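Right, I'll just put the structure down here and ask away after.
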Amino acid sequence: MAATTRSDTRPATSDLAASVGLVDADLVEMYRYVALARALDERMWILNRAGRIPFVISGQGHEGAQVGIAWPFQRGHDWIAPFYRSIATCLTFGMSPRDILTAQYATATDPSSGGRQMPGHYGSRQHNLVSVSSPVATQLLHAVGIALAAKIRRTGQVAMTSMGEGSSNQGDVHEGLNFAAIHKLPFVFVVENNGYAISVPAARQVSVPNVADRASGYGIPGIVVDGVDVLACYVAARDAVARARAGQGPTLIEAKVTRLTGHSSDDQQTKYRSAEELEAELKRDALPAFRAQLIEAEILTEAIEASIAAKIAADVEDATDYAESQPDPDPATALHHVYAGDAGDGPDVAPDADSATETSD
Amino acid sequence: MAATTRSDTRPATSDLAASVGLVDADLVEMYRYVALARALDERMWILNRAGRIPFVISGQGHEGAQVGIAWPFQRGHDWIAPFYRSIATCLTFGMSPRDILTAQYATATDPSSGGRQMPGHYGSRQHNLVSVSSPVATQLLHAVGIALAAKIRRTGQVAMTSMGEGSSNQGDVHEGLNFAAIHKLPFVFVVENNGYAISVPAARQVSVPNVADRASGYGIPGIVVDGVDVLACYVAARDAVARARAGQGPTLIEAKVTRLTGHSSDDQQTKYRSAEELEAELKRDALPAFRAQLIEAEILTEAIEASIAAKIAADVEDATDYAESQPDPDPATALHHVYAGDAGDGPDVAPDADSATETSD
Amino acid sequence: MPTRTFIDAIRETLATEMRRDESIIVLGEDVGKKGGVFLATDGLWAEFGDERVIDTPLSESMIVGASIGAAVNGLRPVAEIQFADFIFPAFNQIVSEAARIRYRSNDGYGVPMTIRAPYGGGVHGALYHSQSVEAFFTHVPGLKVVVPSTPYDARGLLRSSIRDEDPVLFFEHKKMYRSVRGDVPDTDYVVPLGKAAITHPGSQVTVIAYGLMAHYALEAADRVGEDGISVEVVDLRTLRPLDTETVLESVRKTGKCLIVYEDNKFGGYGAEVAAIVAEEAFDYLDGPVTRIAGPEVPGVPYNHALEEWFMVSPEKIADGIRALAAY
Amino acid sequence: MPTRTFIDAIRETLATEMRRDESIIVLGEDVGKKGGVFLATDGLWAEFGDERVIDTPLSESMIVGASIGAAVNGLRPVAEIQFADFIFPAFNQIVSEAARIRYRSNDGYGVPMTIRAPYGGGVHGALYHSQSVEAFFTHVPGLKVVVPSTPYDARGLLRSSIRDEDPVLFFEHKKMYRSVRGDVPDTDYVVPLGKAAITHPGSQVTVIAYGLMAHYALEAADRVGEDGISVEVVDLRTLRPLDTETVLESVRKTGKCLIVYEDNKFGGYGAEVAAIVAEEAFDYLDGPVTRIAGPEVPGVPYNHALEEWFMVSPEKIADGIRALAAY
């Protein structure tokens, strides 16, 4: 999805972009996704406080890592099994702001689940984004199985999954990494380590300083990246995708991120995190850091920034209006799709054409 | 249980014994357990071929590692959660040949289960040997929980569990090692790697050359020992027990052993192992190796060996006769012990006093 | 007698039991500093410290498996599974291990362990924060399964569960945590496991329920009472072992039996109750044994319209009673 | 028509299906070179190679979880769980994931996967190599559960399961593998999921069974036939979805219903059948709906005397029929 692959004329390439093998337009677009994810996420909290939506689970603090890591995967070809904080991942991989907000409102046209799942449980067949469930870490095995099928069917696809550091302690992770490593499957395991699993700090969750320290136990590379550094995340993922595509097997990437909000709208994190800690964590936000980096490199001009901001504002507004306007699912459809063919195939209410793509791209 | 701790006068100590901090009598006793386990095991196969017992699952090829590793644990104080090949472990930890053979015959007086479980599913409350079940690897978490209780209750106990390399791929292993490492529990994890999980070779089971390579991913020491070398196994376990007892947390010990028999009496291993491979594996038998080592060190004299052999022969004969003579459980007791107090406490048929201790010790 | 919410009764019972018996530990995800996502363990960590109130890593099989081991070595663990929906990773440890170690060791080992878990729908929890999972465990010999419906019972049954020598699954309907209040004495009373309660005596139709549905059944009984239908409500309280005697006595008296559960109907817990009643009270039945339960979908959907469609309600129960009474 | 053992029918069906559809893979423990511990996959590895016949590591959750992913990405996995007893580590993947992904994604994703597992007792397998586990899965919307009892049905139902778009649990009674033979045509016939079979028509008592018990029910029907009792045996074949119509039609005709299953009775599969019959055929019943099932212990004990005590037998069924007929 890098702009280089689509462009005929030689695009602008700053030293910064060149240093990671991208062009300036890529970096701008990456920035837009980071900022869009943040803006959508902030809107979710506003809607929650306004009583419009009952629950929010947020990706704030994870967006930089998510966009950087998702970037080298090929939209519509590769696969991602995301988790509940993967708003930026899902956007980067093709879901629209409308797709995200209809999920918050649980409308009939929510493409993730038709209003059947809680917000945060995204998914899209159209975009090869596996449907998110709540029991953590199960999706790792799905991504491994997808990679197995890719290898057997020789599709050239790579499968990625992401989750938090707490979730990485589930048995499924061990079982899946072992199998993927034995068969050198085209698989990338991403841990977004934000230091907490709800209230439990990483030191009480994971017995080693880095989840990536576990990779060697499976004979695969384990890489720690700073989630504040979007381009470092990109490079780590790019290399992992290249290894996977070349038949060299899985990679574990651990991005050190921060959780800028409570675990969810049901959580009061001040009960277990000090004010100083929360204050300090603000500095680990990739959004201002990436912005500063792109301004410094003269990639993000004031004009570009203004146009991005306008676009994002319009997108978020449009998505909100759209989601607000969408109908609830009809209980008459609630028995559908327990099994194939229960009620014809496909969702009961087709999301309208616009909602499936970005509104202003 | 080392003889040094019981003896008042200075016991005989060869260089070999001294090199591992034991006395000669320990080494002789260790040898006796290795040989006893083998003799009992061979008797099981004879009884199986003679149609006396329907099923055998064997420890042949594992005995040296089991005795060496069990040795530093304190009988009646520490805990072991063994697996189905742990005949030598159970003997070393206090079960008698009668205990082992009544399990093969599934008699009412079988102390492991009163005839309720398949052979190989040993256990003894009296000896702190946790009851073996069939689903592999579950026992690791029990041992971890025992270690947790030991730490909380400040009993000074160490808990050990053992299993095969195939079993180490279960999710429970990951979850348990992580927890034990975080809390620095007094826990020792023993993998008896015999190269196969039924028919599947280790290379298709474990994505790294050694299961012990996984220890670093939990921040604990991982030690590979040659299961042919009984004293090396002892030393590894002794050090692990010392670490555990000192509050320094768990250790993973992987003993490279061999499986001299089929997986069980139901398995034909020639279907998946070549004649050459089986031939070569015979050289990896700790029994003759340990014997040669002790003869070389002049610890095992002809006289001692003859007396051990006689004792073992008598023990095996006695255990066979005893087990043959024991009654089947009464179906009238089959509903007992689903819950506490279902039928008074304790087993329905008390094993007779002799059976619970070694017959000729 | 002091009035308490359902969750307060649970929390205080945990505290008083821990004061009484220092072999009791509490472990689970977020049970420590945070006090549990529902605050059912709030304050325990401050009072009993790190060793007796353990914030575990996010791994349910470990929570249960380690509890089994701890129980074998002299502790009395009370494990919390954050949502009943997340008990499945621990299924093997519960069903293969905890339930069987006593039987398979011929009484050599037992597992005095309680597993608490919030269950149930009607709280916008969707597929994975709304489940009723009791049927998976009530089938298993070696386990006990408890579902209290009042603060009084919650306290008395939790005490019995913790003091029991065998593994007990203790399911708490999360919708009741703060919405249900009741009198709870400060005495050290227990409610024995395996005893149902008649919470509304009546003569024409027996309604059998538990958990939140025991409340809805009472509401329904009141409604149809206005139409002159006399309903006897049996609150099972313990699902395994089932108090067959109380159930049969009531049905033999009324001749009509409606079983209510929130879980999807097919193969749910109420099927067993129906089967027992159909066999053992056959000669007394004046109408078919009927059931009102959730629809056959794999989880409660999130959207409020769909959730409402899913949930058994007092009205649906009242309709079922009316139909049965008219039979 | 060629005669085959039960296991041969299964093995050959796997082979012919794999020849027909190259998206089918077989995976599990020891399914490759060894051909499975019961040899149900013998020969497949030699014919289809390492990529389509995969000896997995010893990790059931992985087997099922990876099969789900593979199914999502275009394959049709047929996973073997070595013994049904060892399916519990995969419980979360089956119940939380495979069963729900279609519903939760509003038909975005489906999981065309078959899980085969040998189940059942009477083979000296003790607690952990004898279990009947169907009740844990028949309760779950989104899953289909099949238990064939003849080589003919094994082939026809396995074909339907593999070709189905949803996850199917296919349980094979291991005692039948070599002891049961029957005619199996070489044609590409299927037996549809969800259809029971009347294997012995009769008029006085309906006996409902499946798997090994379907054979024992026939034996029992013959025995009591000698005493002049006419029994109709219904072999359910598919447990979810249940063929309610065939069951009710038979009971409405005979007026008496005995349900037989090998699993422990309380909360077992037969409870649901009993509940449905008790409700839907109430007006036709001339006797209580009765059940014969295993005792309430957590697994089949090993010793032959205890195992015999545990197992439902043709005699026990015949006694049950006689008692019901005499009612």
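Here are some notes:
Chains: A, B, C and D, in written order; residue numbering restarts at 1 for each.
As a working rule, a residue touches a chain if its C-beta (ideal position, glycine included) is under 8 Å from a C-beta of that chain, and two chains touch if they have at least 3 such contacts.
None of these values were measured; they are calculated from a predicted model.
Set against one another, A-D and A-C show the most C-beta pairs in contact at A-D.
When you average the Cα atoms of each chain and compare centres, the chain farthest from chain C turns out to be B.
Taking the mean of the C-alpha atoms as each chain's centre, chain A and chain B sit 48 Å apart.
Chain A and chain D have centres, each the mean of its CA atoms, that are 41 Å apart.
Work out the mean CA point of chain A and of chain C, and you get 38 Å between them.
The mean-CA centres of chain C and chain D are about 30 angstrom from one another, to the nearest whole unit.
Across the assembly, chain A contributes residues 113, 116-117, 121, 133, 135, 169-172, 174-175, 178-179, 182, 204-206, 338 that each touch 2 or more other chains. Counting only residues that touch two or more partner chains, chain C has 56-57, 59, 61-62, 85, 88-89, 92, 96, 100, 103-104, 127-128, 141-142, 296-298. Residue ranges of chain A in contact with chain D, taken from their complex: 79, 81, 110-114, 116-117, 121, 123-125, 130-131, 133, 135, 138, 140-153, 155, 157, 159, 171-172, 174-176, 178-179, 182, 336-341, 345-348.
Those residues of chain D whose C-beta lies close enough to touch chain B in the complex are 29-30, 32-35, 37, 55-59, 61-62, 85-86, 88-89, 124-129, 295-298, 301-306, 308-310. Listing the residues of chain B that touch chain A in their complex gives 169-175, 177-179, 181-182, 203-208, 213-220. Put simply, chain A touches chain C in their complex at residues 54-55, 106-107, 113, 115-118, 121, 133-136, 166-167, 169-172, 197-200, 204-206, 266-267, 271-272, 328-331, 334-335, 338.
Against chain B, in their complex, chain C makes its touches with residues 23, 25, 51-52, 56-57, 59, 61-62, 64-75, 77, 89, 92-93, 96-97, 100-110, 141-142, 144, 164-166.
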